[in-house]
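Questions regarding the structure given below will be posed in turn.
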Amino acid sequence: MSAAWTNIATSAHSLLERLPLLARDFTTDWLPESARWLANSLITIATVVVAFASLFALLTIVERKVLARVQNRPGPNRVGIPFTKIKLFGLGQPLADGIKMLTKEDIVPRAADQVLHFLAPVALLAFSILTFAVIPFGRQLVPLELDAGVLYFFAAGAATELAVFMAGWASHNKYSLLAAMRALAQLISYELPLLLSIVPVVMLAGSLSTVGIVEKQAGWTWGFVPHWHVFTPWGAAGFAIFFVAALAESNRSPFDRPEAESELIAGHLTEYSGFKYALFFMAEYFGMCALCGMGVTLFLGGWQAPLPFLEIIPSYFWFAAKLLTLLFVFMWIRATLPRLRIDQLTRLAWKFLVPLALINLGVAVFWALTADWTGAIRAIRWIVAGALIVGPFVLIGRKLSSGIAPRTYRYAT
Amino acid sequence: METTDQLRDRLLARFPGAEISVVTNPGPAAQHSLLLSPSPARDIAVFLRDDPALRLDYCSNVTGIDWPTLGCLEVVYHLYSMALKHGPVILRLRTTNRTDAVTLPSLTPVWRACEFQEREVFDLYGIVFTEHPDLRRILMWDEFKDHPMRKDYVEPDDYEWEPTPHGGVLEKAKRHYPAAPVAGVADPGPASASPATKP
Amino acid sequence: MLGSGLLQGLAVTAKNLVGSFHDPARLTTVEYPEQRTKLPEAYRNFPFLVSENATDPMGTLRCVACQICEKECPPQCIYIEKSKDKKPDATGRPQLYPTVFDIDTSVCMSCQICVEVCPFDAIKMDQVFEIATTDRFTALLLDREQLAKPNDYYHTIHPTEAAEVDARLAAERKAAAEKAAAAAAKAAAAKPAAVAGLGEAGAPGSSTPATTKPPAA
Amino acid sequence: MSDFATTLPTGITEPDRDELRRQGILLTSLEEFYNWGRSNSVWPLQFGLACCAIEMIAASMARFDIARFGSEVFRPSPRQADLLIVSGTVTKKMAPQVVRLWNQMPEPKYCIAMGACAISGGPFKQGYNVLKGIDRFIPVDIYIPGCPPRPEALLHGLMTLQEKIRGQKLTGPDAPRHLRADTTCDYPVPEFGEHDLEPPANSAVWQAPTMMRKEKGQA
Amino acid sequence: MIASGLQTTGAHVREVHDDFHGDLLEVSMGPHHPSTHGVFRMQVTLDGETIVKLKPVFGYLHRNHEKLGENTSYLGSMPYTDRLDYLNSMTNNWAYALAVEKLAGQPVPERAEYLRIILAELTRLLNHTCLAGFLLQDSGASGTPLMYAFREREKILDLFESLSGSRMMCNFQRFGGCRTDASPEWLAAAKKLTDGYGAFLDEYERLITGNEILMARTQGVGVLKPDLAISAGITGPMLRATGVDYDLRKVDAYGFYSRFAFRVPLGDHGDTYDRYMIRVLEMRESIEILQQAFRDLPAGPIMDPKAKLRGFRPKTGEAYGRIEGPKGEIGFYLISDGTPNPYRYRVRPPSLINLTVLEDLCLGHTVADAVIILGSIDIVLGEVDR
């Protein structure tokens, strides 16, 4: 009897798990074999774009609400369903913003490079969407299973820098230009620690495929500590570096230098209005989602459930939960921290994150070489690896923050 | 700190040729001031700043004043000492007239604090400070020609809707009233919707 | 260690984020227009003219068109025209009254000086602020009909102050009435026949009390 | 729809509009949808002039929270802003910049004159460098009197603006400025003259009624 | 902002001057710029991102305060002083009242002096709190510190409103006293706020003061040397951050400040961080003063009975009265010719004079630094341009 129940539960679970795929196959079933592949791809693309576009809409309102809550106020809460008095916690706000953005006049400065001015937001959005292709959203749910998925992701992601510079240059505004140069400096600086932080993952997983990396993180030690990379010394350090670099790459506070509104008005977006501005906005959120998704994939076990019994919940749910958590942390940080200056920002990248990432690489090598250590000696492995990370962190950190300290003050007599 | 009269005597002893007189303040504040002739003013200012008994290192306030009755423009400096924590010593400089001879020595080389304030006096009163490092208009735009704080300044007549005029404003407003005067406040035509026609 | 200050800051914001869901001190929003803060009694925004009652506001304005407020108003946003005739005020004493009393709320800075200088307690500060409008010329120039508000309204917005004013006015009127009665009696004693009729008709306020004498404008 | 006003600035009342909605005219629905969208997403320009700017900031802070209306997104660039809140005294030296900013904003755009100074020059009206109301150069949608208006008054002004937007017809003579061919969204910027701005007012925007006061010779 | 870079030439089309080509980049920051605290303009010449020249441009909020003051009665100028430094109307009122009282020889009752001190110190709390918020806003924190600052500001404004009737434009002081008396309930509420203010400062400092990013942004940035500060007439917290001990509350001991025990914090570096921290420490001292004032507040009249409201005509003479405002020395110089209006009405604006050294502070730093240096000088344009 119980076996039967288990059977049913398992099949229900696998049904849920494969529901998106089944739905897709069901839709395209009637097509001839040759067209089916194309249709399946189109459906996948449409699903990803629609899902993330809705997520973008949701995120804008959630971000505004999180910011508001941190600041002791409720945030947007009056705009609900059109033509009704239903306020729905202000969830109608993105719709209203969207309508307005779409219908707003589009201004192109006369001196601007008309073509580039138009192309910049399109290119940015296109590259951001491309990065979603290799992220495994769930078990078997990856739009494009590439052997070199990680490589592809960062290649496509790096192209967004070009679009930002295009925008700044094409606008022909001094603030935009300054911002674009800042953006370039920042993105190039942080590309390096970002990549260095994922090298250990690739090395230890022995795969450049995102799917492969997630599958490597399956299983639990002692039945409750997941084998996620973040739960190793090199993984934790790598994740921290990745996270900081991701903040910078997606131009989020405290690295929102290019957009620095207290200095550069709206940075490279200064001359963009209406729908083009909305595209930029959307692309930035897409970029942020993609980076967070990659972070989840590489370090947080992708779609793996945190505990064995929780596997009953479909994998794509876990991916979404982890993604949203990371996004929330992004918002939380934005709500708290002031911004770094551009030279401090690049210094942080080159003098702090890059050395640490390189040291972390060494730690990962040590970790790989000591993979067969068992028993009490495992503890030594942990201690050595931890010391190798914490020691340099403290030393380099002290060097970085030399001359910066809280002060004591005297009083007039 | 010594009194204004003592200070004047000491200054006269130090600067024999200078004309220095005390302007008494009849009011209860009794803050008397020293009227200096323009030419030795900067030397006197340096002396006041550096004299060990005075050390007036802090120029708090620079004021321009227009005296049409005296036929001159005046600048007043309020000096204090941050080192010895006393003051004020008040200096006055007067121009020869209000039209063409309006130059005075700038005290900005002595106290940086005068920089913007002297520019302001130049802008609003038209006193030209010699050797001021950057004597431009500060509050009004560069193309502006008048010196609006002078007592005889006439404002541009940018009349608009003045529903509550009296005194000088009424006089100005009346210049813009249509030719045919109507008794009372009523006004025919386009203003029929305006409150002017309300009972 | 590097980063401890940042973590402290994050802790503070997290505390506020969580606190906003249960601690009223960390969710301080007053959701206007559904909720409103209680305006303090002293709050002032734009003047109004006090009339003794609501039924005949124009007839019972306390204002006697002395034009002090017009003269003292720093931005000069009051315009008054005196009447040619006199009307009896609340106490029955004949007084001038304003035929035009306009306040330009597009200029008024609610400084309260008109209230302070008014010897008749005729102009007081209102508390309305929801007066945004699309039309500048007709909506922002208030005439005496729009400005006149009854004393009861004054009592609702500034209860303490209004009670004081009422008590003071009542005392003044009483003193004035007594003085007038005394004067009338004295006059009657001196010249009984001639003034008797007048004394009866104008007894409450035929002689102006010194405290409320309108100075020359 | 907000509860606070039953009569819209254009004279359409809520029941009227319900009736129109019931008739299911497509244009009306589109119009309403469009108006709903833009009225609920009014992003102000981050632009403060004087005292009123502090109250404007206060209105966006926790106590009053303009975010509830979706308007806390103070955009620093005029390109992304919908609403110019002229919050304070516009001096003659500043007026050309304000007009320029207004010109840089994309349509549909709205202007709120917040406080006495922005409406008429306010208490500083008689000053030689003070512009007697920003409506001499740019069209103002909402006037909020007060010196400074309370933050609630600004919120009330914003709601009045939203009501005005909701009541706008998209076609016909009452259509908003940006949908009519005969109007421009570009306003001439005044020049600095030797004594005053040139011109001192834009006669295409500024038509004040004449109001005559007689000499007070009586009594 | 874009004002100087862009000229509007026609509908939908905008033109930009083509002056990118060259070694130095001229950027005009303001008069509309998000972080110039109003309509202030900095004409900045940049070499890369480094400032090689910076010229402040004023006058965008020149509201002819002094001219209006000469055309209005003494009392009529009082509400205008509210609008000078519109964050601190109470101290402006006091400075003006002090100058007029000096001019007319008008005594002030004891209770009124105490009340003035209470209101001035509350104003100092309010101003410094706002400054800390705005400074953080300028350095890029997305509103949170400013929101916390304004949360507390609202509480102080509630007090001002229930006492004077207006949130910002208090118009509260009169020549010879204060306009209305503070009720016991008001005093209790003010005391409660004062007692709780320390906790707020603790929270705020936890959020900000130890923050490495803020320290990196502010320490060593915009160093002001004491000699230059004195010569340039810098006053207020900005002066004391350079280590010069000059606080008018101690030097002039106006009001009854000599009866209060409080300390004057001094900085050693004169940089942006010191300017911020001195203000935080001053707030803590203000709390001390307030607590002493609530304890010692005497009973008595609030207004000198001989003081005249209307027809106020001081004898011929002149007076310069000054107090330690939150931003520095705010002074009024009045000349009376015996008429109801002052012959000359001059405001000594601390904000304007503190800006004298802006260029010296900013040279060699980046635009980002210029923004927070400007923020730390603490200007209010209503006072700079008057």
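Here the chain labels run A, B, C, D and E in written order, and each chain numbers its own residues starting at 1.
The rule is simple: a residue touches a chain if its C-beta (ideal position, glycine included) is under 8 Å from a C-beta of that chain, and two chains touch if they have at least 3 such contacts.
Everything numeric in this text was worked out from a predicted model, so none of it was measured.
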{"item": "Chains touching both chain A and chain E, listed by label", "value": "C, D"}
{"item": "Most central chain, judged by mean C-alpha position against the global CA mean", "value": "E"}
{"item": "Chain pair with the greatest number of C-beta contact pairs", "value": "A-E"}
{"item": "Length of the line joining the C-alpha centres of chain C and chain E, rounded to whole Å", "value": "33"}
{"item": "Inter-chain centre distance, chain A versus chain B - centres from mean C-alpha coordinates, in Å", "value": "62"}
{"item": "Separation of chain A from chain D, taking each centre as the mean of its C-alpha atoms, in whole Å", "value": "40"}
{"item": "Per-residue overlap in chain B, given as positions that touch at least 2 other chains", "value": "139-141, 148, 161, 163, 165-166, 169, 185, 193-195"}
{"item": "Where chain C touches two or more other chains, by residue", "value": "2-3, 6, 9, 12-13, 16, 27-29, 31, 74, 76, 79, 104, 107, 109-111, 137"}
{"item": "Touching two or more other chains - residue numbers and ranges from chain D", "value": "46, 61-63, 65, 68, 76, 93, 104, 120, 123-124, 126, 128-129, 133, 147, 150, 185, 208-209, 213, 216"}
{"item": "Interchain contacts, given as pairs of chains that touch", "value": "A-C, A-D, A-E, B-C, B-D, B-E, C-D, C-E, D-E"}
{"item": "Interfacial residue positions of chain A with respect to chain E in the complex", "value": "67, 70-73, 105, 107-112, 172-175, 177-178, 253-254, 256, 260-265, 270, 334-344, 401, 403-407, 409-412"}
{"item": "Interfacial residue positions of chain D with respect to chain A in the complex", "value": "1, 21, 32-34, 36-41, 46, 61-62, 65, 67-70, 72-73, 75-77, 79-80, 82, 104, 106-108, 178, 185"}
{"item": "Chain A to chain D touching residues, read off their complex", "value": "64, 68, 71-79, 82-83, 85, 90, 92-93, 95-101, 103-107, 261, 265-266, 269-274, 277"}
{"item": "Residue ranges of chain A in contact with chain C within the complex", "value": "66, 69-74, 332-333, 335-337, 393-394, 397-398, 400-401"}
{"item": "Complex interface listing, chain C residues touching chain A", "value": "1-3, 6, 9-10, 12-14, 16-17, 19-21, 26-29, 31"}
